[in-house]
Each structure stands twice: as C-alpha cells, then as structure tokens.
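Structures are listed in the sections that come next.
After this come two complexes, each holding subunit A, first together with subunit B and then together with subunit C.
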Partner chain A sequence: MADTTVQSAPVAGSSSRPSALKKFFLHNLSAKVAAIPMVATVLVVFIGCTIWTIYYSFTNSKLLPTGKFVGFDQYERLFATSRWNVSVINLLMYGAMSLVLTLGLGFLLAVLMDQKIRFESAFRTIMLYPFALSFIVTGLVWQWIMNPTLGLQGTMRNLGWTNFTFDWIANPRMVLFALLIAGLWQGVGFCMVLMLAGLRGVDEEIWKAARVDGIPTWRTYISVVLPMMRGVLVTAVVLIGSGIVRLYDLVVALTNGGPGISSEVPAKYVYNYMFSGGNIGQGLAAATMMLLTVLIIMVPWAYLEFGGKGRK
Partner chain B sequence: MQPSVSIKDLSLNFGNVKVLDRLNLDIAQGEFIVLLGPSGCGKSTLLNCIAGLLDVSDGQIFINGKNVTWEEPKDRGIGMVFQSYALYPQMTVERNLSFGLRVAGMPKDEINRRVARAAEILQIQPLLNRKPANLSGGQRQRVAIGRALVRDVDVFLFDEPLSNLDAKLRSDLRVEIKRLHARLKNTMIYVTHDQIEALTLADRIAIMKNGVIQQLADPHTIYNKPVNLYVAGFIGSPSMNFISGSLDGATFTADDGTKIPVGAYDFAAQRTGASKAVLGVRPEHILLGDAAQGMPFQTQAEIEIVEPMGSETLAWTKVAGIPVTFRCSSDIPLHAGDKVTVGFDIARGSLFDAKSENRL
Partner chain C sequence: MSQTATMTGSAPATGGNTATDPRGPRPKPFFTPKKIMIYTTLVFFTLYFLFPLYVMVVTSLKTMPEIRFGNIFALPSAPSFDAWVKAWTSACTGLTCNGLSPGFWNSVKITIPSTIVSIFIAAVNGYALVNWRFKGSEIFFAVLIFGSFIPYQVMLYPLVILTRSMGIFGTLQAVIVIHTIFGMPILTLLFRNYFASLPQELFKAARVDGAGFWRIFFEIMLPMSLPIFVVALILQITGIWNDFLFGVVFAGPQNYPMTVQLNNIVNSAQGTPEYNVNMAATVLTGLVPLIIYFVSGKLFVRGVAAGAVKG
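Let's look at the complex of A and B:
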C-alpha cells in the first residue's frame, strides 16, 4: 500500500496538466452530457439568432436575407414610420397600465381570497380559468362581447337602454382600454394565484404579533407582508413584463391593430414586415429595437439584483 | 388584592370539538404561571384566548379587573412572545421594537425612551440597526421579548418561547427570563411542554390535559404531591415508578403478591376496606444499601441495566415483577447483574385509586 502511493505521486505530479483537463471533463460527466442540448440551444437559438438578427437589420434584405449592408438606413426609416411610433407609444401605455393594474388587482384579489372565505378553491379555479385559454380565444371572445352591434352594447340597446354606449373597440381613443380589459381578464387570475401563494407563505404568528401590536390589517399587509413577498413580486413582474413585451396574439384576435393603426404594437409590426410585408431588413431593425429596450430595462435591474450579493 | 388575570368558566369549541371546557383560573399580580401539558392539551389555545387572538365560545376573561372578553388584543394590556419569534423580517431591530408604537401615534421621544429602556434591559443595544436575518436565535427571541416590553403592559404572554432554540441557549435564556421577571415583577403566563422550564420558572404550574386543568400548584407540590396518575406520570424524568395492586388498611399488595406496608404514607382522607390502587414511587425515593435499612419496605433486586449520567446513576431493576427505575449517587459502583437491597421511601411516595386515578 505504502509503496504504491509513493510511486503514484510523482506520476500524477509530472502529468498534472492533462489530468486536470481530464478531471474538468470527467467530473460530473453525466450532468455535463445532459446539459449539452440546452447549452447548444442557448448558443445557437438565443445568442446565434440574436447576432443574426442584429446583423441583417443593417442590410436592405427584402424577401430573403440576402441584401447588402446599408448602415442605419433601416432604423432611420423605422423611426420615420408613424405606424412604428404609434406601436411604441401603445405598448408603453398598455404596458404601464397592465403592469400596475395586474399587480394591484392580483394582490387585492389575493388578499380577499386570504380572508378564510368559503369555497375558496372554487373561486381560485374560476379566477385562474382565463389563464388556461390562449390569447386568440380571449381576443375572440372579447371581440364578440365588445362588438357594438352584436355584443354588450347591442344587447343593452335591444333591452331598451337605447342610449347605452360601449364601443371602445371601435373608438381609436379607447381601443387600448379594450385591449387592457381583455388582457387583465386573462392575466389577473394568475397574478392572484402567485400572490396568494406568497401570502400563505407568511407565518401565522407574524399576523398574531401584528394584532397584539395593534397594527391595522391593511397596514400589516402593506408594511409587513408585502415586503416579505419580495420574491413573489419579482416573479410576477418578470412574467407580466415578458407577456407585455411580446403582446401580439391578443391584438390580432381582438382588433387586428385597428381601427386604423390605433392599436398596433411592436411585435405585430415585426411580424407583418418579416412575413407578409416582405421586408426582412425593416422587421429585423424593429426586432432589434425591442431587444435593446428590454436590455436597457433588464441589465441595470439584474445588476442591482444579483450584483450586490453581500448586501442582501 | 384583585387578581391580575381572571378566567371564569371559559369554554372554546371548534365545531363539536371541545378544546377548553369551563376553565377557571385566577392569576395574582406579579405571578409567574406556567401552563404545562403535551401538545394538543389546549394550553396554547388558552393563551391565545387570553391574548384575544381567538374568540371564546363561552365564559369571561378579566385583566386587572376589566372584562376584556371581547376586546381587541392591543387594548388588553398584554405583550406576547411567540415560538417562531414572529419578528417583522424587513425591518431593523429598532423598527421592530417601535413599529407598534409608531402606528399608535405615540410621540417620538417617548418611543425612543421606551426602545432605549427595553434595549438596555435585554442588552440588545448593539443590534438595534440589524435586521432579524442577521441575528442568532437567542438574539431574535430577545428582540421579540423587547417588542413586548416596549408596550409597557402589565401581563406578558409567552407561547413556547424557547422551543426553537438549542439546549444550551435554552437554559441561558431561561435564566434570563427568570431574571427579567424578578426585575419587572410583571404577571407572566408562560406556555411550554418542557417540564424543566415549568419547574424552574413557575411560581405556580397549571398542568393541562384535554382542555382541563388537572392540577394548579407550586412546583414543589406538583412534584411531590401530584393529585392524580396523569400528573404523576407527566412530571419527572425518568418518570415515577407505578406498581399496581390493592390496598387494604395499611398494607399494599402488589399484583404478584408482594406485600408493601404503607403505614408511613400520609393519606389525604381516612379510609377503610380494600380497593384497587396504584403505588407510585419516584426514582430518587428508592434507596440502596444502608440507606434502605430504615425504610418500611425492603427487597432484594437484581440490576438489569445501569445508565451513568455523570452526577448520578440510573439503574433499572424489577420489583414485584414490574420494571422499576431508581436513581443513586454515581459514587456507588453498580453493574448489571448485581444483587442489591432496595428500600422504598413510602412516606414520600404517592398512592392513587386505580379507578378514579386520584390521589388517596
């Protein structure tokens, strides 16, 4: 035993470089093999396609990605197009309202659910049900409901309220709110379930302590419970945010960008130029602008969240 | 003097389950009461009722002569300390202590004065700017006590405050709570399932079972004169030895026929005739060798197992066919298989009626 150790030591020492490399590859080998598909996906799809997208946004490609390099021409054209500018403003307004209202209503509903009510699981299912539908179905259903002649307005007028007006979907100034209603109907339930899970994670004794301290219930929710739910809030914001940025199918099903261009959104702009407009260069320039916007928001946040680990 | 806390005919039902059943308890000013019992006996429920965190089904609760049965917890003049500390995790220690007072709209300098006093009493001044996550278990529990302290109340409620701590910290903090009580002289009601905490801290212990107080007495009485079999078996570690048999006059006959004279026992009431009974003897009241000579009952026994505990030795043997534990000084050399003479100190034993399980 002693002899073999003594002998093997110099061997290992002399070939330390290859053995370290070997160790790097062989350590947890099965885990590394299992990770290869995902690593490849990330490299090719996420990073590769992003680079491809950015590269061809600087070309004058039309139907096929074959055009020649034209610098920032596509971007100049992009920001000179009123349809794009309307899309960006629409998304900003829809996004701000949707984020605030989904979080707010979701939290409010979760708080109501948390009051030890009867049939809680039934209500939870009802609230969560819209989330199981696709945006296309949601859009179509709300299109019927909000259709001035067939939907709510028509029904109410037929019932005798002839002055009843609910034509947001056909009104360029109000159509964003029509989108918002359908979006909230779909998204609030999910947000509520997330928040409810967060609320349930709060120790019963915290509530008792707050009652003994004489802190009103609403104050306990805001000052004690909400700060404790930070993780859930971050999750909810990320999920809602990504849903807002890629907003597309709801618009297509509900308004198809209309009336006119009053409910256009960037994702729809990208899709239309790439696949039906036959202008890949322009579509990719728009897509790159969307990516840039997301990065501008995400990078500082990620830096704050994960950079200062020691301070938490 | 009027009692600090007075509970009259308190009942609490969850549906058909009676958690507390017409319970009465008077607690004097400045008294340290421990509610002791196994989990599910209703001791925490009783504490929550006193705190106002649970609505009672029937009965009344008075604190300092005021009927508080339907008052909010904050208006009852109580402070409470919880097992899980229940500190507000996103606030500093200072905010944790002052939050309730701030919400109540108390003037700033009064808040500062109270926080400073609590921090001084509990010696947590260096921790005031930290968050609970950066505190040890013992420090967190101190902050939790501080939060009760700043409320400047007459009655402190403790709900198993030491159960989440390790053994060493637990005994340290136990002494600290005792010191705190000696300094503040507040009424304290303390719930625990740990009999050592109960025996060391309490002025009086209330032993509970199934929502009923079995015995309410000072620790010495509880330990030496348990009122029934349940209390006798619950208190003491290792627990009391029980020998069942029958009692006729001053002679106790064990089930295997061994006769034990119990003339030295101090019966609660004069009694005649024979009846089934249980004799209980604590391990330290079974004596060995020379000391056994003077005892009214002696017998030969063979040691089965010896457990040296350092300061003392526990030995397992059989008397009257029943396994019996006794405790002796670790100076006496004992080995498994040894034949020894053991004597029962009957005068300090307990006799229970086999049927009613009450002390005779």
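Let's look at the complex of A and C:
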C-alpha cells in the first residue's frame, strides 16, 4: 500500500505540490511502515469494531449479524430482562464494595508496610502472589474453601461448632460477598503495591514538618499524604474500576452465575447471548451498555488528567 | 480505637519532648503497642492470603476418603501424588479424559509466540513513537491507551467475524493475533516510556552516522532495553497464561488453553466430584505464573506497577 502511493507521487508530480506529497509519504517511511500494526489495531479494532458493535446493537440479528434495523428494541428488551437487571445491580453492588474495600485495605496495608517493619519483602511477596494467578484458579480455590459440606463450614461443624455458617456460595443473598472475598484476595495486594509506591514518593520533608507541628501520624496520613497521592489514587481507581466492569472469569469459575441467576454479571450476559444463546443483537446491546458505563467513568477522568494539563 | 490511642499516646510525648529534644521522637522499644498492632494486622492478612494456597496444596495430596472426613485444615495423613498424576493424565473435561496435559501444551503453544510477537511489535511502536514521530502518531497512541479500557466484550463479536473471514478462527494463530492486539496498549506504553528515558544524543549520533530506522532499532535500542524486555516478558507470560476469555472464544476446542480445560474439569465434570484431583489441577495451572512470580521477585512488582505509571 505505502509503496505504491510513494511511487505514484513522483510520476504525477512536476510542480511543488507533489514534492509536498512526496515528503508526506516518504518522510519517516520506515516508521510509518513499522507502525502499521498499531494503526491497524487502533482503526480496525478499537474504533472499527466498537462502531460495528454499536451499529449492530440496533438490529434484530439472531444467529448471524444480518438483521434489520429495529431502533432501540434490543435495549428495551434488555432492560425488561430480569437477568440483565440482576446483572447490573450485582455489578453495581459488587463494584462499590470491591472498589471501597480494595482501596481501603490497600491503603491500610501500604501504611502498615511503610512503618519501617521487618520482613517487608516477605509480607509483600505473600500479599501480591494471588495477583499472579488466573481468576479461574482463584475462583476454583475459593469455591472449594466455601464448599458447604466439605469446606470451611463443614470443617468447623465437624470440629464441634455445629451452627457455624459459611454457605455464602450457595446463598443467593450472600453470594456477592463470596465473590468479594475471592476478588479482594486477588486484588488487594496489587493496590497495596501501588499505594506503597505512592507513599514512598512523598517527600521526607513533609513528614518532618508534620512532626514539628505535632500532628499525629494518622492525621498526617489522611490530611496531608493522601491528598498528595492523588495521581496514584486516580490510577488505582481507574485500574480497579475497569477490572470490575470486565469481571467475568471469576464469576464463571466461582459460581457460574448461580445459585440461579443471583451472581450474574453483565460481561457474562454478553458472552452467553452472543456465543450460546444465539441472540447476537441482544448481546451487542448489552456490550454497548458496558461500553457506555466505561465511558461514564473514563471521560471525566480523561478530561481531568489530560484536558486539565492541556489548558495549563 | 487505634487512632485515638496513637493520638493520645503521641500528643504528650511530643509535648514532653519539646523541652529537652525538639528533633524527632524518642527512641522506641521494639514491643510498643503500636508495633504489636501493626504486626498483628499484617499477620492476620498474611493468613488470609496464604490460606487458599495451603488448602489447595494440602487437599491435592489427600485421598478422597480423607477429604470426605471433612477437615479442610488437616495435613494429609499419607501424602500422595496420585491426584496430581490423575489431574495431569486422565481427568475428564466433559467429553475427553486426557487430563490437563493437552491444555498445558496448548497454553505453551499460545503463550510463547504471543509473547514474542506482542513484545516485538510493542517495542517497535514505542521506538517509533519516541524517535520517529510522524503526523498523528501521538493521536494513535492516545486512542490506543484509551482503547485499552474498552471492555473486551464490546470488540469480541466483530473480532470473531474478522478472524473467521481471515480463515484463522478456531486456531492458534487467532489467539496469538488477539493477544498481540490486546497486549499492545500496555506494552507500547511501557516501551515508549522506557525509550523516552534513554539519552536522545545516542539516537542523534546514530542518525548523523547514517543509520536508518531498523539499524538503530536493532543495534542500539534493543541491546539497551534488556531490563524493560524482562518486565514485558513477565507481564505477558503471566497475562497470557492466565487468560480465559480469548482462549475459550478464539482457540477452538482442540486448542483450549489450560485455564479453560481446568474450568471444564472442575465445573462440568459428571459424577461425584474428586476434590483432590480438582485441587491438583488448580495447583498445576497456577504453577507457571507462580514460578515466574517467585523467581522474578521485584521485577514482577515493577511489571505490574508499570501499568500504573502513565506517561
């Protein structure tokens, strides 16, 4: 592609305009050729595929994406489906709890790790190793631990604590907390590492100043250090948030949406309608709603981060 | 509770210190209430983090009658690797009973080429973005980064159609292409930031000497970027090994990676579940990323933190 255009430029040209054309194509030619995968990914996948999905979410495609344009019908049906509504509510509840607890525990652990403790690297290694594992592994281990008959509950009952109850995985009202325990187990260490990097980035002078002013340590952390870590906090929120929206593998492994539909999530809804339900239009509409959610989170962040910098 | 304790504890201490020594707190003994609180909390969390690993390994070494006895904490009375052997060679994934080993080799066949291709392309991207900027290159980069936050589900179906029309849907190539695409944003960011931190004089000197795009890349940039290559390697191997979604959608049943086969063994097995085999299979699947994690140590931390340091 690039070569033919480059060759055609001198043939067509005699005046100054072709030389500008020539410069446009020939300048950094190797770099442009090398960047073809990136440009293709951006144009075809990130932009093209997204637009395709949005467009076809307005059709009544069933098994193949060939349906007629039906306006917002798929979206009306989507929000009339109890499974979708349960998925959205689950994601909101899980997301809120997961975000708050991951950040809170991550910060708490980072502060504790920052107290010049012994065995710091051992503690960090132990807290971060779950992050190296697959969500499938995490989900299956916790599924076994929470097994009502032979897991933690059964063990405690056998040991004599007969009314010990830890059946969250089989209890529709508690199953989100089961997901939360497994999700936190995997994610808190990562958040702690981010926060610790943020804490270590705070100038020592701040601490000296706070000490001279007689401000208690916990006050310094909350009123002085935390606001100074804004960059790290924003990054952590964005990373954790985008992970929550994608939540899929963990649910598949831990509960597979059950019991009933009580732990369904949007990503699973999309997958099931596209690949096993044979209702593509519906899956695409659900996917578009996921995109919309991410945009609602991302656009203000992007505006604050980059728009703000541009104006300065 | 603890906050009030530290507040009341430190306030008189600083008040008393100002008379004699205004600089810093007084030397503390090791067993202060604060230290005990810190270590107790840390140890509590350590137990939470270690418990599943312990349970996973212990269960995999027990026999089924022992498991039915119902003590998840107990050490195996006679540790045996039978469950491991069964998980590796003959556990059933719904239809076939070949164990996890085909999945392991599929994961190897997916991970190695995906890692190499994705890192190479991202390194070239980063290099072009820093040293050979062209019109619009920064815009493409911005969209690339922004695109990494789009949920995969949004692009999944069109990518199925694309790979199908390329004739690679359901093959290893399809998974490799998909991993290359979705690994690109973070890796490109990584390499771009790294190359931007190298002294520009090197590049300029090579330009003056007449070296071109690829020559500078292979002879100057690549030899200097070993540290970032290791970080990218760790990031990609663990990420691709742990992937479930792309494997299940794009690989096709005969190429299912280990994570997919593991989930099939545990969640769609018929008959009475064999928890020791399930846990052995789970340990086996987690082993590769765990080994990489423990061997790489601080580099892993750098790898995961690299995603956080936005350029």
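Criterion: the second predicted complex is superposed on the first by the 275 of 312 C-alpha atoms of A that agree within 3 Å, B and C clash if a C-alpha of one lies under 4 Å from a C-alpha of the other, contacts with A are read in each partner's own complex, and residues count from 1 in each chain.
FYI, a residue touches a chain if its C-beta (ideal position, glycine included) is under 8 Å from a C-beta of that chain, and two chains touch if they have at least 3 such contacts.
Not measured: the values here are computed from a predicted model.
Contact with subunit C, but none with subunit B, is seen for A:242 once the two complexes are overlaid on the shared chain. Look at A:214: by the touch rule set out above, it reaches both subunit B and subunit C.
Residue by residue along subunit A, subunit B and subunit C are tallied for touches, and C comes out ahead.
Once the two complexes are laid over each other on the shared chain, residue contacts for A:117 go to subunit C alone; subunit B is not touched. In the superposition on chain A, contact of A:127 is made with subunit C only, not with subunit B.
In the superposition on chain A, contact is made by A:227 with subunit B only, not with subunit C. Contact with subunit C, but none with subunit B, is seen for A:283 once the two complexes are overlaid on the shared chain. When the shared chain is aligned, subunit C comes close enough to touch A:253, but subunit B does not. In the overlay built on the shared chain, the residue A:271 is in contact with subunit C alone; subunit B does not reach it. Applying the stated contact rule after C-alpha superposition, one finds that A:203 touches subunit B and leaves subunit C untouched. When the two complexes are superposed on chain A, the residues of subunit A that touch both subunit B and subunit C are 211-212, 214, 216, 219. Across the complex, subunit B is touched by residues 203, 205-206, 208-216, 219, 223-224, 227-228, 230 of subunit A.
The touching residues of subunit C, when paired with subunit A in their complex, are 3, 6-7, 10-11, 14-15, 22, 24-25, 38-39, 41-42, 45-46, 48-53, 55-56, 59, 67-73, 121, 124-125, 127-129, 132-135, 137, 140-144, 146-147, 149-159, 161-162, 180-181, 184, 188, 212-214, 238, 241-245, 249, 259, 262-263, 266-267, 275, 278-279, 282, 285-286, 289-290, 292-294, 297, 300-301, 304-305, 307-308, 310. Contact residues of subunit B toward subunit A in the complex are 48, 51-53, 72-75, 78-80, 82-91, 99-100, 103-104, 144, 147-148, 151, 159. Subunit A contributes residues 24, 27-28, 30-32, 34-35, 37-39, 41-42, 44-50, 52-53, 56, 65, 105, 108-109, 112-113, 115, 117, 123-138, 140-145, 147, 149-152, 154-155, 157-159, 185, 189-190, 193-194, 197, 211-212, 214, 216-219, 232, 235-236, 238-239, 242, 245-246, 248-249, 252-253, 256, 266-267, 270-271, 274-275, 280, 283-284, 286-288, 290-291, 294, 298, 302, 305-306 to its touches with subunit C in the complex.
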